[in-house]
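Letters A, B, C, D and E mark the chains in the order given here, with residues in each chain numbered from 1 onward.
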Amino acid sequence: MNADSYVAIAFWILAIGMVLAAYAVVALPRIIHSALALVLFFFQIAGLYVLLRAEFIAAVQVIIYVGAVTVLFLFAIMLTNRSYAPDSNPANRQWIAAGVVSLGLLGTLLATLGRQTWPTGGQVPANATVLLGQLMLGPFILPFEIAAILLLVAMVGAIVIARES
Amino acid sequence: MITLQHFLVLSAVIFSIGLYGALAKRNVVAVLMCIELMFNAVNITLVAFARYLPATAGNPYGPLTGQVFALFIIAVAAAEAAVALAIILAVYRTRRSVNVEDVNLLQS
Amino acid sequence: MDALNAVSNFISNVLPILRDLLAGLLNNFLPGWLTEIVMSIVSISVFLAFATIVVMSLTLVERRVIAFMQNRLGPNRVGPQGVLQPVADVIKLFAKEDIIPANADPWVYRLATTVMVIPALLIYAVIPWSQNMVIANLSIGILYFVAISSVSVVGLLMAGWGSNNKFALLGAMRAAAQVISYEIPLVFSIIGVAMLAGSLSTVDIVNAQRVLWFIVLQPVAFFVFFTAATAELNRTPFDLMEAESEIVAGYHVEYSGVRFALFFLAEYLNGFAVAALATTMFFGGWLSPVETIGNWFGWNLPPLLPPYAWFFLKTYLLFFILYWLRGTLPRVRIDQLMGLAWKVLLPLALANLALTSIGLYLYRVITT
Amino acid sequence: MQTDWGNWGYVALFLLIATGFAFIPLVLSPLIRPRNPNPVKQATYECGIETVGTSWIRYYAGFYVYALVFVVFDVETIFLYPWAVAFGLLNWFALIEMAIFIGILLVGLVYAWKKQALRWW
Amino acid sequence: MPSTLWLILLLPVVSLALITLLRPAPRWSGRLTILAIGGSFVFSVVAFFEMLTRQQAAVAAHQEVEPVVSMVPWFQLGKTSFEVGVLADPLAAIMLLVVTTVSLLVQVYSQGYMAGDPGYRRYFAFMSLFTFSMLGLVLAPNFLQMFIFWELVGVSSYLLIGFWYHKPEAAYAAKKAFITTRLGDLGFLVGILMLYAYTGTFDFHQLQAAVKVGALGGAVLSTAMVLVFMGAVGKSAQFPLHVWLPDAMEGPTPVSALIHAATMVAAGVYLVARAFPLFQAAPTALMVVAVVGGFTAFFAATMGLVMSDIKRVLAYSTVSQLGYMMLGLGVGALSAGMFHLFTHAFFKALLFLAAGSVIHGAMEQDLFKLGGLRRHMPWTALTFAIGGLSLAGVPPLAGFWSKDEVLTAVYHSGNGLLLALGLLTAFMTAFYITRAWLLAFAGEWRGAAAAPPLPPGYALTPRPSPTGYALTPGPTPTGRGVGGEGVPAAGSEAGHGGSHGGSPGAHAHESPAVMVVPLLILAVPSVVAGFLGLPGANWFGSFLHGEEESAAEGIVIASSVVLAGLGILLGYLTYGARAISAEGLTAAFRPIHALLVNKYGLDDLYGWLVNRLYVGISLALAWFDQRIVDGLVNLVAWLAAQVGRGVTRTATGQLPNYALAVFAGVVVIANVVAVVAGR
């Protein structure tokens, strides 16, 4: 039992859990259950990021997705839906076609991945957060500032749209 | 031994599930949630690349580029969710529905 | 002198030493990795049991302290000075019938408590009781706290929605709005500390305070942090979600028995964790003030108490402030509550951040 | 104990045990508690008054606006952390850049403020 | 030098742009135009003298003078790149001088003639446009650019003829001019396209080189050049496309002077001159040029004999003189043709402007209603006489020398018929111009007395048509006539009536200085320009060719002078001394007279062609178009509509459907790419 084995165990637990959670998001008949499954999914993805040694991203994942976006979703559900109805998350008429397309996409992706080989030997530096800071304020400063503007615009727009006039 | 391929396959599976949901769900909020699934699936690949791919000449910013990308995607996804849900609220106010099929202004 | 040092060392590291002892014992008949796991399980379980006891003590102390502040006696019947009162409460709550409303969504209703409790416990993974007494010294420790504590808002909404009760849902939404509103200044106030320490690891943060506690450098941050944390904990004067007069009893109006006990547990665990983190970030954690002040003058003073004892002492003192606030302040109005978060604390935190960054930069320019 | 990626193993273990710990009372308590539900007991509690309508009523959309502003600010705050940690290694230019960033953030705050989005009623 | 050329070309555009974009006060738009064209004129003079020095240097070095060329790339089509630019050689330099001089004087004159016209600003904008187009045509280094400016010239001509577009005749004449010249332009276009098809270039010099090395020649070149000449026939109003020019006199008289006498109509001549090396390599085409030119000269002169409208007389005279030029070119005498163009530009502009002055002053343009004007308009009478004598070929005026040179060239070509036509034309020319002058300026006023007061909103307008007066409804600001030909000045009636009340030709008066001065200026070259091309000392020819022309032939000079004198005498006897009865002449030649007055019935023939034959064919084609072609189109459209209606069903407005389609497309495309790329 070395570190790799632990990683493998964790990976498989998380992978299965994530697929199940993702499936639950799609399949559960009540929208609020879907949303909660989504929370579970987000949380597990954070675990996956930890496995990938992206600890900062993992924390961000939990803070943003679990702590913020989910709240947004839950609020939206609670403000709009008759969320207690047993079938608040129905499928539409084209679900069969959607399934076919999704499976087709999956097949395409897997086939492509199967043909692809990747170089190996990547290492994540230990002080990743510091390096991220240097990257974001160095070469990625423009996207960084644009992200700020994007968020500003999103907020202004969303406030204008969401407010009851 | 878990390799990059594992993560990519996982990402593909989740992306496809999300796609199915986004296409097949009737509730707009559910559609948005499935889109979030897809966003996250993409993020998995980015972070996995950051973890497994060696720093090469083609990538001058070091091994963390993928993580930076993931960070920006998270920001964009959050903004998207905020605006989209605001729109849903606004539509709901006028149409009393969150059914995708009731939002058909695209139809001429 | 050596003997004294040895004793002091033993006392300072009593738990790690005990752990190593047990581990050595287990190593005789278990493979290494299993030993490690078993040891971790044992330490964590010990810690959890300890945490439960701490919470029980906190409830008792709170009731007694508030009672004294209000010129009452408080619980004093069960055991000497009412010491066993929490035990009696726990037994009572365990033995009560668990009523699930017929209209409730049973799974969401049930899971809500769990979702509240687990994050409250998980926070403790990064709290450094001493240099070595920390379950997981993570590189993003303080962010880990932020992340985990933000999960509880989901539990809150689950409880409110799962109860299928107007008041519960309204209470949950209010509580959620409050929690998320105060999370922003809270997170901002931590940034100043992170800048000073140059790290997010809790252990590093404490070690960065060997010369000077950050409360001196970041008083505003502490004020923001503590206020926001109090609000996040839904404690008086910010306990609007439980405002009996307005919305019955908030999101856990339908909960009873053991589930209510778990909500209670989560609340106090969170409270203690916040106090512990405030200690870590602003009051030098396990560092002995005696030693620190001695060092200023070049004296080699003894720490007087073992590190974990210092830590507990400071945390309890901070928690006492919470009692104090509850005993003295009236509940605020909800518009005041929200206004405080966005219009006072957030600008304060931002100003603090600006000052800190400029000051730190100037300091760097001057010293280099 | 140094910061080490391996420490996440303890967190994982902690998560498992904490989950177990959270469930212990739920598992233990049914052994000692009574269980005799009846409709009145299971009715929705509204201080003893008969419930009117469903619990689905229209809630104040201001809740959502708060969540919205929160999400945006949360994301922006998160962006500050790498900068804060790397502050010692960055030059004055990064300070300016971050000032711009926070300036943009402030514009949003001022906007929300002026739009009365941060007012409760 | 190239920048000078560019400035010459672009200055009028600047004034055009300024006038159209800024919309300055009318008088300022006039001044702006004059300023711009004056600039062009100055630079033309500069360019001319520069060219002169270059030419002399070249002659000294016994070389061909190198043209000045400046090109900018325009666009790329396949591997061929097309260029626009400016080219100047002696030919262009002379033409520039002619165009800018006449244009400048006409603009100055127009200030008086057009004063008070509501379209004053528009008029000058059009004039700027025309000048720009004409200069572009002159400076064009290749056929393509020349064709473009050729058409621009046509457009500005259309705009100016139809300047008083509310007058049906003017609008009709504009259309007629445009469409008729288009017929010729079609040939021109086909011709240059043929040249392009065989050589791959439009450039004059490359084409010349191609001819020189024999890459181009024979029937192809002849056909192409005849086609190109068709353009010249249209633009220069040669038979049988001359019919538009007399009608074009509906435009303001300065326009007639500038465009339809001096410059634009000379464009055809200039085209032939420009392409002269090519024509020289195609004798058949050259022969066609000569025959058409000679016939036109004669043919138009015969009609000039009987016209009663002063401007029409001049118009036919123009056609006739253009025929002369073509004749000169056709017999291979480039310098003779161009020299005639040069002198003709001055004296014909002079004649037109003088006629305009008559119309302006007397409010009448029917020769039989004019008379005795020399007492009222002495300067006009004098200048008209100078122009007329020059036209008639009286030595030593300019017209004499150039006409003489043409006739000499014809004589040298040995074609007796053409020579006879030329000499006869000279005789008739002298006759009809004498007739015109005598009818207008000598004798007594025969027209109506002072114009009666006008009811508001109506203008009593003299018409060039035989029907006489007609009431033309239209807006009449400040009581002025609505664009009647020759009633340009606001409030002129009142002023005239006051100063000349009671006398014959009551309101006739001398025109203002702004009009008379250009007349006087133009009179100078009309007299002296001929000395540039004296036989034996032909400076003009040497400038154009770099070598001396052949000497004059005494017999030709003598016979042309004698014939001109005879013509003048006959005219005087008939209309001056009344020794010969004009009515008697008319009666004696009644059938011929009728034929001439009816312009040989060509207009009627064309009218029949257009109205009957063409319309008939068009109707048949219209039926075919509407039933068969449109039917097919409609069928296709119907099918498309049906398909669209079917496809509309997929446009459900449902977002999930669209998203599904998008991702289905992604899957399909990804797989196709994978299969095709083999990856």
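FYI, contacts are C-beta pairs under 8 Å (C-beta built on N, C-alpha and C of every residue); 3 or more make two chains touch, one makes a residue touch a chain.
Everything numeric in this text was worked out from a predicted model, so none of it was measured.
*Asks:* Quick one: how many steps at least from subunit A to subunit B, stepping chain to touching chain?
*Replies:* So the least number of steps between the two chains is 1.
*Asks:* Kindly list the shared contact partners of subunit D and subunit E, in label order.
*Replies:* A, B
*Asks:* If I rank C-D and A-E by number of C-beta contact pairs, which comes first?
*Replies:* Of the two interfaces, C-D and A-E, more C-beta pairs touch across C-D.
*Asks:* So which chain is the furthest away from subunit C, centre to centre on CA atoms?
*Replies:* If we average the C-alpha coordinates per chain, E ends up farthest from subunit C.
*Asks:* Mind having a look at which chain is the central one, using mean CA positions?
*Replies:* Closest to the centre of all protein C-alpha atoms: chain B.
*Asks:* So, comparing C-alpha centroids, which chain is the farthest one from subunit D?
*Replies:* Measuring from the centre of subunit D, the most distant chain centre belongs to E.
*Asks:* Just curious, how far off is subunit C from subunit A if you go by their C-alpha centres, in Å?
*Replies:* From the centre of subunit A to the centre of subunit C is 28 Å.
*Asks:* Centroid from C-alpha atoms only, then distance subunit B to subunit E, rounded to Å. What do you get?
*Replies:* Here the centre of subunit E sits 72 Å away from the centre of subunit B.
*Asks:* Averaging only over C-alpha atoms, locate the centres of subunit B and subunit D and give their separation in whole Å.
*Replies:* It comes to 21 Å between the two C-alpha centres.
*Asks:* What whole-Å value do you get for the distance between subunit B and subunit C if each is reduced to the mean of its CA atoms?
*Replies:* So the centre of subunit B lies 34 Å away from the centre of subunit C.
*Asks:* Two or more other chains touching the same residue: where does that happen in subunit B?
*Replies:* In subunit B, the residues touching two or more other chains are 19, 23-25, 71, 74-75, 78-79, 81-82, 85-86, 89, 100-101.
*Asks:* Which subunit A residues sit where two or more other chains touch them?
*Replies:* Those would be 53, 55-56, 60, 63-64, 67-69, 71-72, 75-76, 78-79, 83-84, 92, 94, 97-98, 101-102, 105, 126, 128-129, 131-132, 136, 147, 151, 154-155, 158-159, 162, 164.
*Asks:* Please list all residues of subunit D that touch 2 or more other chains.
*Replies:* Each of 3, 5, 8-9, 11, 55, 59, 61, 63-64, 67-72, 74-75, 78-79, 81, 84-85, 87, 98, 112 in subunit D touches at least two other chains.
*Asks:* Which of the chains touch, listed as pairs?
*Replies:* Contact pairs between chains: A-B, A-C, A-D, A-E, B-D, B-E, C-D.
*Asks:* Where on subunit B does subunit E make contact in their complex?
*Replies:* 19, 22-25, 31, 100-101, 103-108
*Asks:* Which bits of subunit D are touching subunit A when the two form their complex?
*Replies:* The touching residues are 3, 5-6, 8-9, 11-12, 54-56, 58-59, 61, 63-65, 67-72, 74-76, 78-79, 81-87, 89-90, 93-94, 97-98, 100-101, 104-105, 107-108, 111-112, 115, 117.
*Asks:* Across the complex, what residues on subunit D touch subunit C?
*Replies:* 1-5, 7-11, 13-15, 17-19, 21-23, 25-26, 28-30, 32-37, 39, 41-47, 55, 57, 59, 63, 66-67, 69-70, 73-74, 77, 80-81, 84-85, 87-88, 92, 95, 98-99, 102, 106, 109, 112-113, 118-121
*Asks:* List the residues on subunit C that touch subunit A in their complex, please.
*Replies:* 31, 33-34, 103, 105, 107-108, 111, 138-140, 143-144, 146-148, 150-151, 153-154, 157-158, 161, 164, 169, 173, 176, 180, 183, 187, 200
*Asks:* Report the residues of subunit C in contact with subunit D in the complex, numbered from low to high.
*Replies:* 37, 40-41, 44-45, 48, 94-103, 110, 113-114, 117-118, 121-122, 124-125, 131-132, 134-139, 141, 143-144, 163-170, 173-174, 176-177, 180-181, 183-184, 187-188, 191-192, 194-195, 198-201, 203-204, 248, 253-254, 257-259, 261-262, 334-335, 337-339, 342-343, 346-347, 350, 353-354, 357-358, 360-361, 364
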